[in-house]
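Common to both upcoming complexes is chain A, partnered first by chain B, then by chain C.
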Partner chain A sequence: KRTLPDLKCVTNNLQVWNCSWRVPSGTGRGAAYEVCIENRSHSCYQLEKDIKIPPLLPGDYEITVNPLYGFGSSKSKFILNEKNVSLIPETPEILNLSADFSTSTLHLKWNDKGSVFPHYSNVIWEIKVLHKKNMEIVKLVTYSTTLNGKDTVHHWNWTSDMPLECAIHYVGIRCYIDDPQFSGRKEWSNWSLLKNISWPPDSQTEVFPQDRVVLAGSDITVCCVTQERVLSAQIGSTHCPLIHLDGENVAIKIRNISASASSGTNVVFSVEDNIFGTVVFAGYPPDIPQKLNCETYDLKEIICTWNPGRPTSLEGPRSTSYTLFESFSGKYNRFSGNKVSTNESYQLFFQILSNQEIYNFTLNAQNLLGQTESTLLINVTEKVHPRIPTSVKVKDINSTAVTLSWHLPGNFTKIKLLCQIKINKTNSEHELRSVTMRGVESSNYLTTVDKLNPYTIYTFRIRCSTDPFWKWSKWSKEKQYLTKEAIPSK
Partner chain B sequence: ATGKCSGKYHELLLQLQRQADLMQNPSTLLDPYIHLQGLHSPILKGSCMERLGDFPSEDVLWRLSRQDFLWTLNTTLGLFLRMLSALQQDLPKAAQQQAEMNIRGLGNNIHCMAQLLRGSSDPEAAEPTRPGPGPTPPPPSLPMLPLDTFKRKLRICEFLQGYHRFMRRAGQVLRGWGERQGRNRRHSPLRGLQRA
Partner chain C sequence: MSRREGSLEDPQADSSASPLTHLEAKIQQTHSLARLLTKYAEQLLQEYVQHQGDPFGLPGFSPPRLPVADLSDPAPGHADLPVQERLRLDAAALAALPQLLDVVRRLQAELNPRALRLLRRLEDAARQVRALGAAVEALLGALGAESRGPGPEHAAAAATDSAGVFPAKVLGFRVCGLYLEWVSRTEVDLGQLAPGGPA
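Coming up: the complex of A and B.
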C-alpha cells in the first residue's frame, strides 16, 4: 500500500482535514475520483483533486481512490495517518493597531478565533514590528495564550525606544498552535496583513519626543521629522552622529544619558538657517522618604517631616509629589515640592481627629519615574513636642515664695504635663525644679515656687514636656523678679 | 511710583541714563537665564535674537514726544514686570529679583521726570497731544509662550534679548535729550527747563 504521491493534508482547526494531491500528468481536466476511507463507517467521497474530511483518530487508515471517469489511472489503495497531516492555523487578522505617541506605545488588538477550535490549546503568537525605511524588523516577540473554545480578543502593548513619530511602524502577527493531542506536524500560520501607524505628515519640522522624562543612565532616541536637510545634532554641547531614516528624517541615539540640570537637557538639530529641538528631563525616581517623623505641638495638628533623600533632578511640574495617607481614618494630605535640595526637609500637616490617638501613616513619594513610600505608626499622645511657654508672670506669695504662671497652647486636657523651672540667682547659681500638672482647657498654667530668699533678684525660665515624654519645649524667655523684703522679726 | 522726586532735570536725566545703561546689560538677566536653561552653546545663543514687535523700535521711540516716550517706556516696562512674575519657574531667582528692582527704580524716575516735564514751560515737553507725526507705538503685549519646553526656552530668550535691546534704545534716546542742541528733532534740548 502506498501513500498517495504528494498527498498533503492540512488542517487549520483540527476539525476538518483538507487533503489534496498532485493529479498524475496526462489526466484530463475534470477528472473525478471516488475516495473511500476504511474507518468504522467506510465513508466515501466524490471529488476532483482535494478532499475535506473530518479528522481521523490516530492510526493508519486505508484509503481507496477509484477514478470515476477520465482516463489514465486505475483504483489505488493508500495509507493515511494523522502524522502526515499538518496543523497550519488560519492566518490571523489584526483587529486594531493604535498608538499613544506621547508614550511611544503601540497597542495591538486581535481575535484568536478560539471558537473554531475543538478544545483548549496553547497558542504562541509571534509579533513583528518593522520600520518602513528598509522594513528592518525592530521588534520580534512571542506571546503565549490559550484557546478556550471562545473567540477572545487579545491586546499587546509595546513601547518603542524610538518615538513613533520618527518612522512609519508596521506590525504583523502569526501564530503556532501547540496542541499536545495532535500528532501531526505543527507549523506557523502565515503572517497577517501588515498594519501601520504613522505620524500625520506635517510640513513643519518637529523634534520628538517632546519634553520626555527618562531615567538617568538609560538610552534614548531623539528624532527630527523634517523636509529639510539636517546638518548636525547635539545634546547639550556634545555633537552626535546622525541616523538617517525615511526621507530627510534623522535620529540620534543617546546612550547612558546623564541626569539633567533642573531646566532639562537640550537636544538640538540644525538645518540650513534654523534650529529645532526638544528638552529631555533625565532624572531618578524618588528616594524612600527618610527620617519620617510625626509629632504634634498642641494635640490639635500633627506635623510630619521628612528628608527627600537623593535629589531626582526633576523639578517644577515634574518634581516629586508626596501624599500622606492615614489608614484608620482614610484621610490624606498632599504636598508638591517645587525646589528640592538634599538636606532640605519637607513637612505636611494632618488634623488630629477627635477620639483617635493611634495614627498609621504612609507617606507616598511619586514622580514620573516611579514611587516609593515610608510608613510610621504613632500614638499621638506620646509624640507631643510642646511649644515655647509664653506670658510668663510672677506674683508674690510672700518674701520666700511666688506663683509662676505661663501660657502653653495645646489641647492637653487628657494628658499630664511635666514642666521644669530654671531658677537663676544673680550670682549665676542656678537651680532646676520639676513640676507635673494636668493639662487644662485654658492652656494657662500656675505653680508655686518656694524656698526663695527674700529681697533677691531671681530669673525664671520654664520649659515643658509631656508624660509619657517625647521632647522638651524650648525654654521660655527669662522673667526677672525681685522677691519681697522679709518682715523684720520683732 | 513712590519716593521724593528730584527737581533737577539734568540730575534726573543722568540717573535715567545710568539706569538704562545698567538694564541694557545682558549680564543682569539674559546671561543668567541662558546659563540656567543650558542655552549657552554657540548654536543656541545664535538663535536667541530679539523678535520684532516684542518691544517698541528705535524709530518709534525717537519720534515720540518726551512725555509719550516716558509713557511708552513706563507702560512697556510695566508689562515686562508682569511677564517676569509669570516666568518665575524659568528665571534664576536672584536675576529676576534684581531686574524687578531695576525696573521699579527706573519707574520712579520716569514718574519724576514726567512730573518735571509737566511742570516745565518747554512746549515740546509738555506737548498735550499723543504721539506726533511719528507712528503710534503698537500697544505692547505679552508674547504667547509655546507649550513645548524647547520652543518656550527660545521664545523667552528672544523676549529677554528684546528687553535688553529696548533698554539700549531707550538709553540712546535719553542721551539724545541731553546732547542735541537746536536740531529740529522731537527730542530737542531743554530750553525752558533750566530750573535749579
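Coming up: the complex of A and C.
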C-alpha cells in the first residue's frame, strides 16, 4: 500500500483534518475523486484535491482513492495515520496594542480562541517586539497559558528600557499547542500581523523619557526625537556615544546610573545652535522607617516620630510620603516628605480616641521606587511623656511645711501620676521626694512638703511621669521660697 | 557687564562740600541700590548654577537665549539711547522680573527644597528688584519723563511643569542671567545721571 504522493494533513484545532495531495501531472482541471476511509463507519467523500475529515483515533487507516472522471489512472489504496498529521494552530490575531508612554510600557491583548479546541491544552505563545529601523528584534519572549474550551483574552505587558517615543515599536505573536494527546507533529503557527505603536510625530525636538525617576545603579536609555542632526550628548559632564535610530533620532545608553543630586541628573543633547535635555532622578526606594516611637504628652494626642533611614536622593514632589495607619480605628494620617527642611523632623500626630487605649500603628513609607513599612502596637496609657510642669506656686502651711502646686496639662484622670520634687537648700545637697497622685480634670496638682527648716530659702523644682512609667517630663522652672519663721516657744 | 570705575562721587566721602539737591540724592541712592543688587545678582546666578548639576556651570555650556515672556535682553544699541529712554527700558524690565524670579523660586522649591539660601536669595531678589524698579520709576517721574508704567500682568514664563524639569532649569538660568544683565545695565545708566557722571 502506498501513501498518496505529498499527502499533507494539517489540523488547526484537532477537530478537523485538512488533507491535500499533489495531483499527478496530466490530470485535467476539475478532476474529482471518491475517497473512502476504512474506519468503523467506512465513510466516503467526493472532492477535488483536498479533503476535510474528522480526526481519526491513533492507528493506521486504509484510504481508497477512486478517481471519478478526468483522471487517467485507477483506484489507489493508501495508509493514513495521526502521526502524519501536523498540528499547526491558526494564526493568532492581536486584539489590541496600546502604550503607556509615561512608563514606556506596551500592553498587548489577544484572544486564544480556546473554544475551538476539544479539550484542555497547553499553549506557548511567542511574542516579538521589533524596532522599525532595521526590524531588529528587541524582545522575544514566550508566555504559557492553557486552553480551557472557552475563548479567553490574554494580556501581556512589557516595559521597554528605551522610551517608546524613540522608535516605532512593532509587536507580533504566534503560538504552539503542546497537546499531549496528539501524536502527530506539532508546529508553530504563523506570526500574526504586526501591530505598531509610535509617538505622534512632532516638528519640535523632544527628549525622552522626561523627568523619569529610576533606581540608582540601573541602566537607562535616553533618546532625542528630532529632525536636526545631533552633534553630541552628555549626562552631567560625561559625553556619551550616540546610538542612531530612525531618521535623525538618536539615543544614549546610561549604565549603572549614580544617585542624583537633589535637582536630578541632566542629560543634554546638542544640535547646531541649540540644546535639548531632560532630567533623570536616580534614587532609592524608601528605607524601613527606623526608631518608630509613638507617645503622648497629654493623653489627647499621640505623636509618632521616626527616622527615615537611608536617604533616597529624591526630593520635593518625588520625596517619600508617609502614611500612619491605625488598624483598630481604621483612621490614618499623612506626611509628605517634601515639607522637610534640613533639620529632619519626621513626625505625625494622631488624635486619641475615647475608650481606646490600644493602638496598632503601621507607618507606610512610599515613593515612586517602592514602599516599606514599620509597625508598632502601644497601650497609650503606658506611653505618657508629660510636659513640663508650669505655674509652680508655694504656700505656707507653717514654718516647716508648705503646699506646692503646679499645672500639668493633660487628660490624666484615668491614670496615676508619679512626680518628683527636688528640694534645694542653699549650700547643701538637694533632696528628692516622690509623690503619687491621681490625675485630675483641672490639671492642677497640689502636694504638701514638710520637714523643712524654718526661715530658710528653698528652691523647688518638679517633674512628673506616670505609673506605669515611660518618661519623665523635664524639670519645671525653679521656684524659690523662704519658709516662715518659727514661733518662739514660751 | 561694564562698570564705570571712579565716575561716581562717593557721597560719604564728600557730602558736606556741595549739598546734593533732593533729586541728586535720589539718583545717588538708586544708583547705590543698583550697584548692590548687581553684586547680589552675581551671587544669585552663581548659587543657582551650583544647584542645577552639570553641565550647568561647565565651560562651554551655554544654552540658547530663549525668549522670556515680557523680558528681552538689553538691545545692542541700548547704550546709545538717551539716558531717560534707557531708564524707561530699565524700569520696564525691572517691572517684569519679580514675577519671573518668583516662578523660578517655586520651581527650585520643588527641585531643591533643602537649598534654603538659594530659595531665600530668589525671594529677596524678587523683592529687591521690585524696589529698584519703583525707585527708577520715581526718578523718571521726578525728571519729568513719563515712564512706561507696569506691563500687563502676564502669566509668567512659558516653561512650567508641562515643559519638563530641564527646560525649567534652563529658564531659571536665563532669568537669573537677565536679572544680572538688567540690574547691572540700570547701574550703568544711573551712573550717567549720578553727580559727577558724564552730563
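As a working rule, the second predicted complex is superposed on the first by the 483 of 490 C-alpha atoms of A that agree within 3 Å, B and C clash if a C-alpha of one lies under 4 Å from a C-alpha of the other, contacts with A are read in each partner's own complex, and residues count from 1 in each chain.
As a convention for this text, contacts are C-beta pairs under 8 Å (C-beta built on N, C-alpha and C of every residue); 3 or more make two chains touch, one makes a residue touch a chain.
Being a predicted model, the structure only gives us computed values, none of them experimental.
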Check your understanding: Looking at the combined model built on chain A, do chain B and chain C fit side by side or clash?
Key -> clash
Review point. So, does A:234 touch the first partner chain B, the second partner chain C, both, or neither?
Key: both
Exercise for review: Look at A:210 in the shared chain and tell me whether it touches chain B only, chain C only, both, or neither; answer first, second, both or neither.
Suggested key: both
Check your understanding: Of the partners chain B and chain C, which touch A:275 in the superposed model: first, second, both, neither?
Key -> both
Exercise for review: With both structures superposed, pick whichever of chain B and chain C touches the larger number of chain A residues.
Suggested key: C
Review point. Which chain A residues lie in the overlap of the chain B contact set and the chain C contact set?
Key: 207, 210-211, 234, 236-237, 261-268, 274-279, 316
Review point. In their complex, what parts of chain A are in touch with chain B?
Key: 207, 210-211, 234, 236-237, 261-268, 270, 274-279, 316
Study note, to complete from the structure: The answer for chain B against chain A in the complex is residues 36-41, 43-44, 47, 89-90, 148-150, 153-154
Check your understanding: Along chain A, where are the residues that touch chain C in the complex?
Key -> 207, 210-211, 234, 236-237, 260-268, 273-279, 315-317, 319, 338, 340-342
Review point. Taking the complex as given, what residues does chain C use to touch chain A?
Key: 51-56, 58, 63-64, 108-116, 164-167, 169-170
